[in-house]
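Chain naming follows the written order as A, B, C and D, and within any one chain the residues start at number 1.
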Amino acid sequence: TDNIVLIARALKNQFIIPEWRPFMDHIREIYDDCKQINDGKPAAYIPQLARVDPNYWGVSVCTIDGQRFSLGDTTIPFSLQSIVKPLAYALVLNDLTPEVVHNYVGQEPSGKSFNELTLDYQHKPHNPMINAGAIVVSSLLKKELNIADRFDYTMEQMKRLTGGEHLAFNNSVYLSERATADRNFALGYYMRENKCFPEGVDLHEVLEFYFQLCSIEVTAESGSVIAATLANGGICPMTGEKVLSADAVRNTLSLMHSCGMYDYSGQFAFKVGLPAKSGVAGGVMLVVPNVMGIFLWSPPLDKWGNSCKGVQFCQHLVAKFNFHNYDNLKHTQKKIDP
Amino acid sequence: TDNIVLIARALKNQFIIPEWRPFMDHIREIYDDCKQINDGKPAAYIPQLARVDPNYWGVSVCTIDGQRFSLGDTTIPFSLQSIVKPLAYALVLNDLTPEVVHNYVGQEPSGKSFNELTLDYQHKPHNPMINAGAIVVSSLLKKELNIADRFDYTMEQMKRLTGGEHLAFNNSVYLSERATADRNFALGYYMRENKCFPEGVDLHEVLEFYFQLCSIEVTAESGSVIAATLANGGICPMTGEKVLSADAVRNTLSLMHSCGMYDYSGQFAFKVGLPAKSGVAGGVMLVVPNVMGIFLWSPPLDKWGNSCKGVQFCQHLVAKFNFHNYDNLKHTQKKIDP
Amino acid sequence: TDNIVLIARALKNQFIIPEWRPFMDHIREIYDDCKQINDGKPAAYIPQLARVDPNYWGVSVCTIDGQRFSLGDTTIPFSLQSIVKPLAYALVLNDLTPEVVHNYVGQEPSGKSFNELTLDYQHKPHNPMINAGAIVVSSLLKKELNIADRFDYTMEQMKRLTGGEHLAFNNSVYLSERATADRNFALGYYMRENKCFPEGVDLHEVLEFYFQLCSIEVTAESGSVIAATLANGGICPMTGEKVLSADAVRNTLSLMHSCGMYDYSGQFAFKVGLPAKSGVAGGVMLVVPNVMGIFLWSPPLDKWGNSCKGVQFCQHLVAKFNFHNYDNLKHTQKKIDP
Amino acid sequence: TDNIVLIARALKNQFIIPEWRPFMDHIREIYDDCKQINDGKPAAYIPQLARVDPNYWGVSVCTIDGQRFSLGDTTIPFSLQSIVKPLAYALVLNDLTPEVVHNYVGQEPSGKSFNELTLDYQHKPHNPMINAGAIVVSSLLKKELNIADRFDYTMEQMKRLTGGEHLAFNNSVYLSERATADRNFALGYYMRENKCFPEGVDLHEVLEFYFQLCSIEVTAESGSVIAATLANGGICPMTGEKVLSADAVRNTLSLMHSCGMYDYSGQFAFKVGLPAKSGVAGGVMLVVPNVMGIFLWSPPLDKWGNSCKGVQFCQHLVAKFNFHNYDNLKHTQKKIDP
């Protein structure tokens, strides 16, 4: 497909990264540095994740005007897992006001593990980026439709977020997830006891829907378009199509910023200062608002469940470029502004 | 003192808020709206806070080029209380690297109350914005000096942050704080047991130093200059003097963003999306990076310990202006860009 | 049925309570005193419990030599609920050694609520008297049989514990319990995640079996025979039949002593000092080892979930008689030794 | 001093253990068996405990009629440490009613570590056997006297409990305890914040008093007389003197039964079923009500802080003799009744 945004910009010579080649050189350098990292182990709780090659390492960049750049294993599909959480949340915010949505889920970092059996002081899940919150958010996603239509709707919207690039459903991942989901069932029943769900919800159906969402696959390339769509306020840079409202994106980025990297979120916000979300399949979706989306993929995880190479890449990136949320402060001119 | 920054800018007609009068009108409107709020009660744990007039309500604005605007009770002194926490942290970061400082204190929201008797998984206080973390930060502040010189040094630096405007020490607040500080003593001993302090620290001296820092007084006016100095990357907009390194300010703003408003921090980051810090005397220090500092003062507090009027003001402000951290997203053009 | 034990004793004039009439007078006095109590409310989480008459108040005594005495509503059936926990545990101990059983469940008071979503430091339920522990114990009860046979076996053994007196299954209670069992399902999944169950267990089947056990009905009269069987070291005083091994009874009484009265267990052990178990239908099964069993029934519950009248009766009883575990200390001769 | 109780009994040939010699043989056998145990390490948090010979192993028995028997290192003094907790509690109960005392401290096992920074749902320490509770109990002990007289009084009463046998104060242990007491200071301040103390209490004085109580020394021999005094309902078997009221003893034994062995208390109550209290110097005070007191001493501790040899001895003892609380059940006749 032709990228109409890119062409329009190119004609006007107004790219957000005016010097593309030196920028690519910097990214390649960071990519190579991170390739050396041998820390961590892939998730092993389902065979579909355990048996993946731990050496896969891919980085894809997509700017808000549609410039692209990929290094390494960026065309191999892997499941989104928790990275679907901010996307489901954004889709829900596209339909419902934040007030309605946040009747069911909070906005606070929990200070607890992502799958902790705990609710906040109002008996709500702490935020949409932990399992409990994401399950509730799933229950709100087009809840007036039947379950098949809800899944179709979600896939369709996700496809628009990728600008039509790779998106698939991995049924064997789904079946394995469902078979090893004791904690999520425990969370689900605990939340039903606490009246966390909207009326009329079928608990097992919601949980299965949630596991299905987690089993959606992207490649680093198609994922970078999703990230760029978020960076671009909800308009896909490859198609120019408005997929999400700017408000939905604003709120999604806020919560990715504070809660996106599991128990490492506070340190990540401090050191990197950008909205990001990781998943146990080794993906990291990083958003540089108004500039670009970056998707990183490397299966070995650190003790918090984040991709080791992915986190290092983000830290190197911010050490080199003026991307940290508070880097744009006056009188801070040591780093590169690409 | 002449404001040399202001004059330079005025000569060049390059103010950050080009249309000053309409901006003031908006601020006055929000000020008036918030004046109606009758919620909350002033802190009552020491008589010096309990007996203050709950009707005081002051708002002071100071832009990064030194434009000023004040409404209401902005020349009456009150104690900084917890608002001193980010300032002490910034002063420590001015001397020591973040790596050294964060050997002693984390960067994660705790998910717990500000004075909870708890440490993180590494037996460190969760962050510098809760009591445990601020006590440890105080122990690092010019720790090579004797205690009198450490206090002098701090007052001197704080005076530079206010550009020489009102700053004082309230000894009766200090004496009351110290006399009702059972929880902080419990925290101090618990942290000493967990080896949270640098070597050679005298626990009672550190606690007294911390209570003294909390008892430093500003006015909303002088406080707004501090906020503006942070907004300006560490250079005081009234004097042009560099007080803090831009790195120290970046890290301070990061943690104010995620942890500055007690247990309401996550909601505040979500709804307001700006670095802020509140204190139990009713002050709220709000930073709009690269634009302005705002200092709000109204003693009645909500259940989280934040000034009711102060929090409302922040939410109204962001509803009107493009100040939220993720408001600057492309394709979000409904609000005013002052 | 003739009570062969009673007849044998009577012939020898060797009753454990030699002065039966004065003892009955004392019991009647306590019964009347407790009748005045108007505290508490019946459990309301299922309609079958909510709609019971709160004025029911029955007390039945059965000594280890089979003397009987009943006051009030002692022939009306009600569900055992948690009172089945020590009975299921005793039946399991009849088949398996304590070492095997306590591989799956601990012996410590939890310091937590009976249905808390928590496990001990070894990832086992704290003890068999809280829900988590009782569910695991249910999974061990004749686990080699199919589920219908397991239920038959349990009913048969329970019938032997009552010496053939009233025992029934209340299917509507069971259906309601199962329909409102979110917390128990949450517990079940959480435990399965933590590998708390023996191999090959079907979680939903175990939970249903557990709800069925809770739905077994007794009367205060038949319940007092169960209590007396425990007091008598496992031999039913009405039939002379050995139902439980003395070791199984010893261990059961130990845990009833420390954990039988929900979060009030420590206070009950301190004030009453006798093994007891309460249920949310308002029953309290009290054991005076080597002397008698007492079954109390009054539906209104205190904040811990124990029958208000039942607990008061126990405290009055021990204030009058030498029944407290440490009342038999030398040099304590103020109370009556019946 | 002549043992007038012993002589009186001997004349009447009415000893509680009629066959003394075989009983001694059994005890010697258990002593020898436990001597082989090499598990555990002595407490090391103060040098006075760390440098003790880990091979010390002493057992002293004193029956309620004053028969004595000692094996191994039973004349070497060591500090009571936590074993003073039930004694201080008993002394307080001698003066004040349980209602008054339990206004300040609960009766529930905490389910938490002995020095946990936590209070129960009424903001009271959970029970007198954990540090928080023992500190509050110390604050009640003859609180109308000045601190020197309170210490004198306590020593005097303790001397009566030992029947005049070895009792001393180890000042170097006290000084070390006080110097390493960060957690206890944290507990003290936390409790003062929660208004746990009676009015007029000087916190530092109470803490020092508590550390002094912990630093009182006994030998296994003199300790066994204390244990026997408790077994005998408060009357010292060596002097016939009434030191504690039977009620005070009853309540003390109740709480030793449920909370005396730190986090192992529930398991100990289950397996041994006798009131006991351990201390970090390696002592275990075991009470067989109406029969005897036993004092065990061996410094190496298990992970719960109980003497390894001490706990094993108790378990062997109960495996051999009918001493478990529920061993006296009818129809349990396999064990020896000495």
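Here is the rule we go by: a contact is a pair of C-beta atoms (placed from the backbone, for glycine too) under 8 Å apart; a residue touches a chain by one contact, two chains touch by 3 or more.
Keep in mind it's a predicted model, so treat the numbers as computed, not measured.
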Could you label the subunit A-subunit B interface same or different, taking same to mean over half of its residue numbers are used by both chains? same
So which chain is the furthest away from subunit B, centre to centre on CA atoms? C
If you average the CA atoms of subunit B and of subunit D, how many Å lie between those two points? 52
I'd like to verify one number: the distance from the centre of subunit C to the centre of subunit D, where each centre is the average of its C-alpha atoms, in whole angstrom. 32
Report, in whole Å, the distance between the mean C-alpha point of subunit A and the mean C-alpha point of subunit D. 59
When you check subunit C against every other chain, which residues touch at least two of them? none
Among line, ring, star, complete and other, the chain contact graph is ring
What chain pairs are in touch here? A-B, A-C, B-D, C-D
Contacts from subunit A onto subunit B in the complex sit at residues 64, 106-112, 126-127, 232-235, 242, 246-247, 249-251, 253-255, 257-259, 263, 265-267, 269-271, 273, 275, 289-290, 324-332
Which residues of subunit D touch subunit B in their complex? 117, 182-183, 185-190, 192-193
